[in-house]
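Each in structure tokens, the structures are laid out below.
Same chain, two partners: chain A is paired with chain B first, then with chain C.
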Partner chain A sequence: MKRIIIDREKCDGCLNCNIACISAHEEGSNFYTVNMLSPDAETRNFIKFDAQKGYLPIFCRHCDEPECVLSCMSGALEKDPLTGHVQYDESKCAACYMCVMNCPYGVLKPDKRTRTKVIKCDFCDDKVDGPSCVKACPKKAIEVKEVSL
Partner chain B sequence: MKIVIIGASAAGISAAKTIKASEPDTEVVIIAKEDRVHSRCMLHKFLGHERDVKGISFIADDFFETSGITWLNNTTVIGLDTQKKTVKTHDNQDISYDKLLIASGASYFIPPIPGLRESKNVYGFRDLKDAQLLDSECNTAKNAVVIGAGLVGMDAAVAMMERGLKVTVIEMTDAVMSLQLDQKSAQAYQQRFEEHGAAFILNDKVVSVDVDEVGRGKAIHLASGKVVPADVIVIAAGVRPAFGFITGSGIDTNHAILVGDDLQTNIDDIYAAGDVTGIAGIWPNAMKQGRIAALNMLGEKRSYEDRYALKNTVNFFGLTTLSLGNINPEPEENCEIFICEDRHNYQKVVLKNGVVQGVIIQGNIGGTGFWQYLIKNKIDISGKNKDVFGLSYADFYDQDQQTGEYRYAV
Partner chain C sequence: MNTNFSCKTCASADQKLETFISNLSVDTSHHRMEGQSVKCGFGLQGICCRLCSNGPCRITPDGPKGVCGATADTIVARNFLRAVSAGSGCYIHIVENTALMLKKTAASKGVLKGKVALAKLAEIFAVDEADEHVRAEKIADMVLADLYKPDYVKMELVEKMAYKPRFDRWKELGILPGGAKSEVFAGVVKTSTNLNSDPVDMYLNCLKLGISTGLYGLTLTNLLNDVMLGEPSIRLAPVGLRVIDTDYINIMITGHQHSIFAYLQDRLIQDDVIEKAKAVGAKGFKLVGCTCVGQDLQLRGEHYQEVFNGHAGNNFTSEAILATGAIDAVLSEFNCTLPGIEPICDELKIKQICLDDVAKKANAEMKPFVFEEKESQSNDIIDSVIEAYQARRGVVALNMDADHGNDDTLTGVSEGSLKSFLGGTWKPLIDLIVKGEIKGIAGVVGCSSLTAGGHDVLTVNLVKELIAKDILVLSAGCSSGGLENVGLMSPSAASQAGSKLRAVCESLGIPPVLNFGPCLAIGRLELVATELAEAIGVDLPQLPLVLSAPQWLEEQALADGAFGLALGLPLHLGLPPFVTGSPVAVQVFTQDMLNLTGGQLIIDDNAQSAAQTLDAIIEKKRKELNI
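On to the complex of A and B.
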């Protein structure tokens, strides 16, 4: 399956990946027109800064044995057997947030505005040219690689 | 090989899915007393008329057809012959198995309070059937009483409030959801419920129920002398593992079906998963147990280690809370308590000797999943030399260079 591999040494913390993610999920927007002030502006990935170790981008793994899927009581989260990516069906989600509790890496989060859905990486719906965050990274700190399960 | 699964909730369905994904040729039969598969975590959405029966399913409509699973609904298991390897049903079928998974869950319990068990309008809130019976009561009832202010009681309360009933919640302890919350975080929910019309009677106990001439409980008498009128009564005072049908089978039990780390019982080829094992009565653990039991039935050697059960999330009226571990330590436990709050958030971390014992995160719970890992694995965070509220997975980051999977560097 395809997974976003992280090279923390290369990350400058520019947050282009965050903006690209928000834009990819705001219909009709691009990198320059995306409304960063919208209450719906949510990034599915994040970068943490550490005084000793520098920047660290954290992206959904679409884990081999995804804890989020195992915790989902509505059937909204499923691992696609073909792509290996964990997809989310908002219409099924009942916003119990057991997936947020169960993600060992703290990647999942409730939406800020309504608390009725989960904000979760969808791998940009497996678009042929890859996820928006990776395309937006000027340092190649995040790259898509084929990994074996 | 033929695998029979008793029960079609989290553990049973998760096992069936796992079997069919790994070895599609394995014959799978699911026997369930329910009419259709549903998620009990969404019963309140059904009762509150937010979703219909189909909307609270957690599988695809054509799940059984496409995965080639035999689905015996409305079928109650009444016995087990471990010699002949057959399961007996209420309609006198003997269903043979090579391997059996017992995922029969738990059932609710009505305390022996005079008048309570006899009342015809007393319901649990466990299965779709309970919710359907309550649903028709809600069409005519005005006053609802919920006994027990745990998560299930609060779910039932919120649904009946949605239906326009006057809801009174009676609780023995001094706060709502006292297993999950502390005083402050519980107060936030109680206030929201009260703003939406609910009444709470805390620190009180039901002593008797007056039953009218047609057998319906009408007035609830409390230890304090208060009397609460009721048209419909919901009992949410806990559940017990449901395994009456294994009597005489030789399977070891102790208030629950006992299993080893492989989730096998003391009888070969009989496994158990979910609430019936008493390991951890929460959906994610039942799903994982179902998965691991399934893999072991298929010949793998997997061990179930995720026994940590003190965890929950709460979401009522848009207020979200994550609760993990020991959140109300006794003074003699000598824990350090850290609190961080603002208008919208309340966070509490309980530490002992550098190890996190429990957390409550109320408000923004985004990205808080890492806490469970720290608590259940007893990770010492004292070396991090960092504000405890600033911790995240980034402080424990490690990546497998081959697979890109994350690991914990501890």
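On to the complex of A and C.
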């Protein structure tokens, strides 16, 4: 199973992973054209800064025992047994936000504009060349690695 | 030394060069592209601001304004105007040095090779002096006087140089430039921390810098150089790595200030200097052209047949030229002198001398050009190059590529030589355009970059598409260095043109892509366009003429682009100039500019669709002219 593994020491806080994520979810856009000012522009990964620890990249871990899935009553969140990735089906979502409250890493959030759905990493739909954020990281602070359960 | 030896090099439109570079053991820009392939999205969009210590601020969904409150529109406009100011400063530095050189040459009764250019300038400037040296000095003084005016005093030569309908429009828009050096200063001040925040005001300022850059930095630099160094004249010349002759002591020149080499290049072929070369086992000295100063030398090659061996390649060919091992010294006076040449010069024992501190390389000897000491300076340079030759030849391995390039590139095209070629009048060209034998003209200009598909890839592909549509291409800048090396400036390239343009080229024995030389010669294209518009009796935006800088590289290119837009011409770029993060910038450049100057920015990195867009614009303009 593939996971995004973080090497915090390498992160420079450039936010290129943010822009890559937003672009990957704005159809037909690229780094030149992605609209960062759109009300629908949402990143699924976050970089926080801590005065002691430096930059903290916060990415969905697609947990082995995902609290978001366990707390989802409508079945909108499911862990794919083959890929191990936690996938979100917007059509089933009741917008109760139990997943948002239960995520131990604070990585899930309601969408800003409509507050009717959850914004969550989809591992770029398992694209062959990997998630957009990983490709966009100039420091290789995030990498896709094969992990076993 | 090549730390990336296992990495693949980037693609080049020049297949032979691509192979040559991929086999090199030294590290070049082509090797380093892969390591720099991940780009910053904020930088690409122009929405990163590092003007103060609260920053760098980036525009994100959660941070739609900088700490100071600057919007994406303000940040992009500030970044852009800063870049245009810097680019303008570069060209103004060049014209300032060139005018100073003409002034000193004239004052010391030096040789003035370009009588026609001198007469032309005297006419434009309304200088009525019988003695040619007095006339030349007065012309130089007039240029310098304008350059040194404050920004609140308008430059006087603008009205004399500019096409009247353009000048009137610029006046209406309030974008007539004050002193060119001060305008750069004003652009830098305006864009500093918590000063101007009005994007439209800043874009109008860019147009103003475009005018001063274009008329002075480009057009006048050419004409002043013509006076000192001789006018271009059309001829066939060899290009590419093949021009390097290992029997000679070879000096590669990089930069934009041809007149700095004026004395040295004549000195290199004097008997006593040739004897010095022979004494160490060489046949003599040769200059090998690289970057724009090489293109300029190529353009005037008719006057320098003995010392100049030909233009080897553009900015991103410079490392390959050195890697042949047959270059003994690099003399540089401006960009594009890549920092990447430094370790190659160290490794291959190539002497580096900088003649202008603006282009001082970290490991080079600094020898600022001093007009009054040019004789002794040239002798010193010659001696140290001979020393390098002796120390390295026979020790450093040669890696030549006699197959690269060609022997029949048509060079020496200028507003003057082209008109003479046509019989002293533009009528034959206008007739061909009216009849549709030539559908229109595209100025494909500017730099060479390693983006947009690779080295010269978009430039070459776009030009092939344009000529196939019967559009005559005029090129100036490193773009021409790439186009000539792939053979598009050889008469045989006519076979790649559309049937009508092909017939025209074959009957005249010319290629469908005409080589105007260095980027400075974008100013010559402006002269051609103006003279055509004058002959037809229309304003520039009405001409079936488009501009493209498919692989623009640097700040100077952005200042050139601002000139193109001020002239009211459609301007295509392969990649956006770091402005797409601002809705106002996109609106101004792609739409509103049409109402301001008649110009328009088109961004497209696809050769086919870009050519279709430019073709459609030419068709539209033809219709509006009823042709």
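Everything that follows uses one rule, which is that the second predicted complex is superposed on the first by the 149 of 149 C-alpha atoms of A that agree within 3 Å, B and C clash if a C-alpha of one lies under 4 Å from a C-alpha of the other, contacts with A are read in each partner's own complex, and residues count from 1 in each chain.
Convention: contacts are C-beta pairs under 8 Å (C-beta built on N, C-alpha and C of every residue); 3 or more make two chains touch, one makes a residue touch a chain.
The structure presented is a predicted model; accordingly, all values stated were derived computationally and were not measured.
Student: For the overlay on chain A, clash or fit between chain B and chain C?
Tutor: Verdict on chain A: chain B and chain C fit.
Student: Check the residue A:V34 against both partner chains and state whether it touches chain B (first), chain C (second), both, or neither.
Tutor: second
Student: For A:R3, using the defined touch cut-off, is the partner it touches chain B, chain C, both, or neither? Pick first, second, both or neither.
Tutor: After superposition on chain A, A:R3 lies in contact with chain B alone.
Student: Go through the superposed model and pick first if A:I142 touches only chain B, second if only chain C, both, or neither.
Tutor: So A:I142 meets neither chain B nor chain C here.
Student: Looking at A:L77 after the superposition, I want to know if it touches chain B, chain C, both of them or none. Which is it: first, second, both, neither?
Tutor: Neither partner.
Student: Is A:C14 touching anything from chain B or chain C once the two structures are fitted on A? First, second, both or neither.
Tutor: second
Student: Could you look at A:A24 and tell me whether it touches chain B, chain C, both or neither (first, second, both, neither)?
Tutor: In the superposition, A:A24 touches no partner, neither chain B nor chain C.
Student: First (chain B), second (chain C), both or neither: which does A:T43 touch?
Tutor: second
Student: Least CA distance chain B-chain C after superposition, rounded to whole Å?
Tutor: 12
Student: Could you give the residue numbers on chain A that contact chain B in one complex and chain C in the other?
Tutor: Residues common to the chain A contacts of chain C and of chain B are 112, listed in rising order.
Student: For chain A, which residues are in contact with chain B within the complex?
Tutor: Touch residues, chain A against chain B: 3-6, 8, 46, 48, 50, 56, 58, 61, 63-64, 67, 70-75, 81, 92, 94-98, 100-110, 112, 114-116, 119, 145, 147-149.
Student: Would you mind writing out the residues of chain C in touch with chain A in their complex?
Tutor: The touching residues are 38-42, 44-45, 47, 58-61, 64, 72, 575-576, 580-581, 583.
Student: Given the complex with chain A, which residues does chain B contribute to the contact?
Tutor: Contacts found on chain B: 10, 14, 21, 39, 41-42, 45, 57-60, 282-284, 287-288, 291, 311-313, 315, 318-320, 322, 324, 364-373, 392-395, 397, 399, 402-406, 408.
Student: Along chain A, where are the residues that touch chain C in the complex?
Tutor: 14-16, 18-20, 22-23, 31-34, 36-38, 41-43, 112, 135-138
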